[in-house]
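Here the chain labels run A, B and C in written order, and each chain numbers its own residues starting at 1.
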Amino acid sequence: MKRALLLLLVVSVIFAGFAGAVKITYWQYYYETKVKLVDQLIEEFEKQNPGIEVEHVTFPYENFNEKVAVSVPAGVGPDVLTLFYGWIPLYVTSGYLVPLPEAEFSPEYLNSEFFPFVSKGIEFDGIPYALPTAVRSLALFWNKDLFAEAGLDPEAPPTTFAEMVEFAKKLTKYDDKGNIIQEGLTMQPSGQGHQWIREVLVRQLGGTPYSADNRTVLYSMTAPETLKVYTDLITKDKVGYPGFLNDDVTAFRSLKAAMTIDGSFRLGTFRPLENLNWGVTELPSMNGVKSNFASFWAHAITTNATGDKLDASIKFLKFITSEYAQTLWLEQVGELPANPNVAAAYYDHPEFGPFLKGLEYAHATFFVDESGQRQVLMDAVDKVWIQGMDPIKAFEEAAEEDQAIIDEFWSRVE
Amino acid sequence: MNRIDRKTSVFAYIFLTIFAIVMVFPFVWMFSSSFKTSEEVYEMSLIPDEPTIANYEYIFNYSMFPRWFLNSMIVAVVTTISVLFFDSLIGYTLAKYTFPGKNIIFILILSTLMIPTEMLVIPWYIMVRQLRWMETYWSIMFPGMISAFGVFLMKQFMSTIPDDLIDAARIDGVSEFGIFIRIVMPLVKPALATLAIFNFVGNWNAFLWPLIVAQTPKMYTLPVGVSYFSSENLTRWELIMTGAAVSTIPLIIFFIIFQKQIVKGIAMSGLKG
Amino acid sequence: MKISQKRIVTAYVFLAIPLVFYIVVRFYPMIYAFWLSFTNWRLISPKKDFVGFDNFVKLFKDKVFMTSLWNTIKYVTYGIPLVIVLSLFLAATLNKVRHLQWFYRLLYVMPYITPLVAVSWVWRWIYQRPPAGVLNNILMAFGLDAQPFLTSMDQSLPAIVVTTVWVNLGYCIIIYLAGLQTIPQEYLEAAKIDGATSRQSFFKITLPLLNPITVFLVVTQSITFLRIFTQVYNMTDQGSGGPLNATKPLVLFIYQKAFRSFDMGLASSATVILFMLIMGITLIQLLVLNKRVQY
């Protein structure tokens, strides 16, 4: 009798243990260092929270959106999900994300632990929906060897826009037919070029890209010459063009581009290249104005997570966005921390420094349709350099197309 | 061979060779890229300055390459066998039987080719979920068990078989199914070999559906696994080219084996007696 | 039962399993897609309201849609004559060759069996502007000007047509070869005895006997070209079908609407239009080209 009771006790303890285990699924796109780090973080999290199991699933970056899109109607999906902050409006208005509960994520917590553009970027209608571990901003990369070759000081990158153009012209090489064989500055609107135009150049020329309520396009009204400033580099100064050597990254890593404006995630791409002697510095100022574009991938909780799963997801979210996780992230993945306290330690770092300084004056655009709005600027540049349209007009048309996209979004939401 | 024939032959060889070089050049370049380092892959050279097998090592040691290979193999083989049987049967029925609704059925089958796969994946995925087929080989294979292209191909080939042959067999008392298996099928061997090759290739290289339906890396097919090399910051072309090269080699072998059947078919065709 | 009735029953029995399969696997999604075209479903939202023909009206007012539609027709108009004529010619030439025929066949089919994504990227590189592009390097070696190819509004679509023809040539050649090798030798020998030249017997005997194959290839290649997607996605900047939508086919338009904008209703209605386009072209081809030849 006693043995039977003991057996019953043991069995019920085991069952209780199993019954207690809450399993949540976390989806991320595949990136080797990120995946490894998240696996490590999950192990630690599970140790600290026995009874919670996290399943880590990844997909190729290219098809991430499709995978999510197809899974939702099928009722399959994650509890916690990584998404580009620019998709938040789309996902929120489709009813897929759960707002961050105020108890754990109060406004005070968000404002003190995260950069200002983060707390703004994760909101829709004033409510926060996601939280990042890491953020990105833009900076200017330059090739020291090519600088030296052109007679420029390899340790003195340009600090103003005018200087940058002057350097770029010296650094561009042509063949005898006039074709560019080395770019002074990469011109890739489909890369980070469109962000540079929208959040940096527009502001440096005294304008504002969008109204404060995010409903009106203001860039062509407040800074109509912005596009011209950009496209003149292609058509007049001829320092580069979209698609040279396939794209800006390929051109720079093949040592065929002297300067390129790109995001902090590019550090991981350039670091392992032994024959590339590069440096990175803050974006050039113009008219004394500094501006930067910041963005981030954030983790959000989906409507799949209810009850116990919701609690577990909240704990997990808090853990992977903690200062501890961010520090590890910076060291192992090389992405900038979303927490200004963590960032402060690296301000003078030769690689992270320029990006971190940029975060202080950065803006994150509110996108209602990131790929559509990006396409608008890509098309505007194409209209000028391929079709020869007047850049002022092309910029106006871009503003109209952008406005149409924004209007359509809000009309659906209301 | 008389003089005219020999001259034609020589011209034929020259023309074919020039064209073959054009056809194969990109593939040669892709193959040579698989032996290049990540810095060199953007060079225009046909032969790498510093050839390396590091890419191949990386791919073979990479998490689950052998498993992905096996998955692709199973999916491709099973669907090809199914297609060879069912497509021929349907093609034969449409070509050689008269019955009401024949043309409509044919058009309906063809019409299934007119919807892009991208639009089919969502209802398929919902179906797979509801029928609990997740993480099974069947969930990857089921859309490919019958191929409308194959039905059309077999129908066209079957239509070239003389009716007299079939009628003669009927008079001899052979069953309808027997006629199909024993008389008709052997006559269309070139078509069957062709269908086998292309169906195998198509299923082997299929990407979108196997990607959508796979829940864990264990169930990826080769193209899906290889696509992981194209990640956000760094598209590692040398790896993608290597993956493509490795993916293509079994297909080349499969082709070499089966294409002999096309040649053998010459001896089989035609009326005997 | 009469013999013909019995045969009808046999026919239906043979078709039974496949038909059931087809209805479930292929038609259900089609009907689903057709139904969606009348809704405003946003893919990850549970809301699915009926909106009648709104999506269709929106489409025809959309400049990008009309461009995509027109591009799709261009792809098939430029591509089909090229691929059919070239492959027929190559297959006929190959058929005359005895030694190493299998080797040539292998070389011609390589583009088709290589993953399309890898092929697209190789061609993207081939079309690059100087200093990298192979094609431009060859042109410049002959003293000609470098061409913009994929960055040009006019050259980009034809450039992709060339790539697609290159890929599908091998497929068509193999099928034509199979067809050529199914032609009974007796016919050709009889014609030779009667004094026909090889040219005459090609056009009067071989070509008509190949008609079922030609019909198959014209119809299926048309469907393939009308459904073009992967190569455009991988040969244009960020898969945008550019520059300025010059290369965007309908399937890419549909894909972007469905998986980038999440506008499933609109994507489905574009799918319906594509379906009708392909159906129309196929039916016309079947009616015009189908001629039965019996000796």
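Just so it is clear, contacts are C-beta pairs under 8 Å (C-beta built on N, C-alpha and C of every residue); 3 or more make two chains touch, one makes a residue touch a chain.
Computed from a predicted model, the values in this text were never measured in an experiment.
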{"item": "Labels of chains that are neighbours to chain A and to chain C", "value": "B"}
{"item": "Between the pairs A-B and B-C, the one where more C-beta pairs touch", "value": "B-C"}
{"item": "Separation of mean Cα positions, chain C and chain A [Å, integer]", "value": "38"}
{"item": "Whole-Å gap separating chain A and chain B, where each centre is the average of the chain's CA atoms", "value": "40"}
{"item": "Distance from chain C to chain B - Cα centre to Cα centre, in angstrom", "value": "15"}
{"item": "For chain A, residues that touch 2 or more chains besides their own", "value": "66, 73, 245"}
{"item": "Residue numbers of chain B (touch at least two other chains)", "value": "42, 122, 227"}
{"item": "Touching two or more other chains - residue numbers and ranges from chain C", "value": "132, 258-259"}
{"item": "List of chain A residues in touch with chain B within their complex", "value": "29-32, 57, 59-63, 66-67, 70-71, 73-76, 245, 250, 253-254, 265-266, 268-269, 273-275"}
{"item": "Of chain C, residues touching chain A in the complex", "value": "42-47, 124-125, 128-132, 140, 145-146, 150-153, 237-238, 240, 242-244, 256, 258-262"}
{"item": "Chain C partner contacts - residues on chain B that touch it in the complex", "value": "8-9, 12-13, 15-16, 19-20, 22-24, 26-27, 29-30, 42, 44, 86, 89-90, 92-93, 97-100, 102, 105, 107-116, 118-120, 122-124, 127, 142-143, 145-146, 148-149, 152-153, 156-157, 159-160, 162, 176-177, 180, 188, 190-191, 193-194, 197-198, 201, 205, 207, 223, 226-227, 237, 240-241, 243-244, 247-248, 251-252, 255-256, 259-260, 262-263, 265-266, 269-271"}
{"item": "Chain B to chain A touching residues, read off their complex", "value": "38-39, 42, 121-122, 125-126, 128-129, 211-212, 215-216, 224, 227-228, 230-234"}
{"item": "Residues of chain A that touch chain C when the two form their complex", "value": "65-66, 68-69, 72-73, 90-91, 93-96, 175, 177, 179-181, 190, 241-247, 256, 369, 371-372, 374-375, 378-379, 382-383, 386-387, 412"}
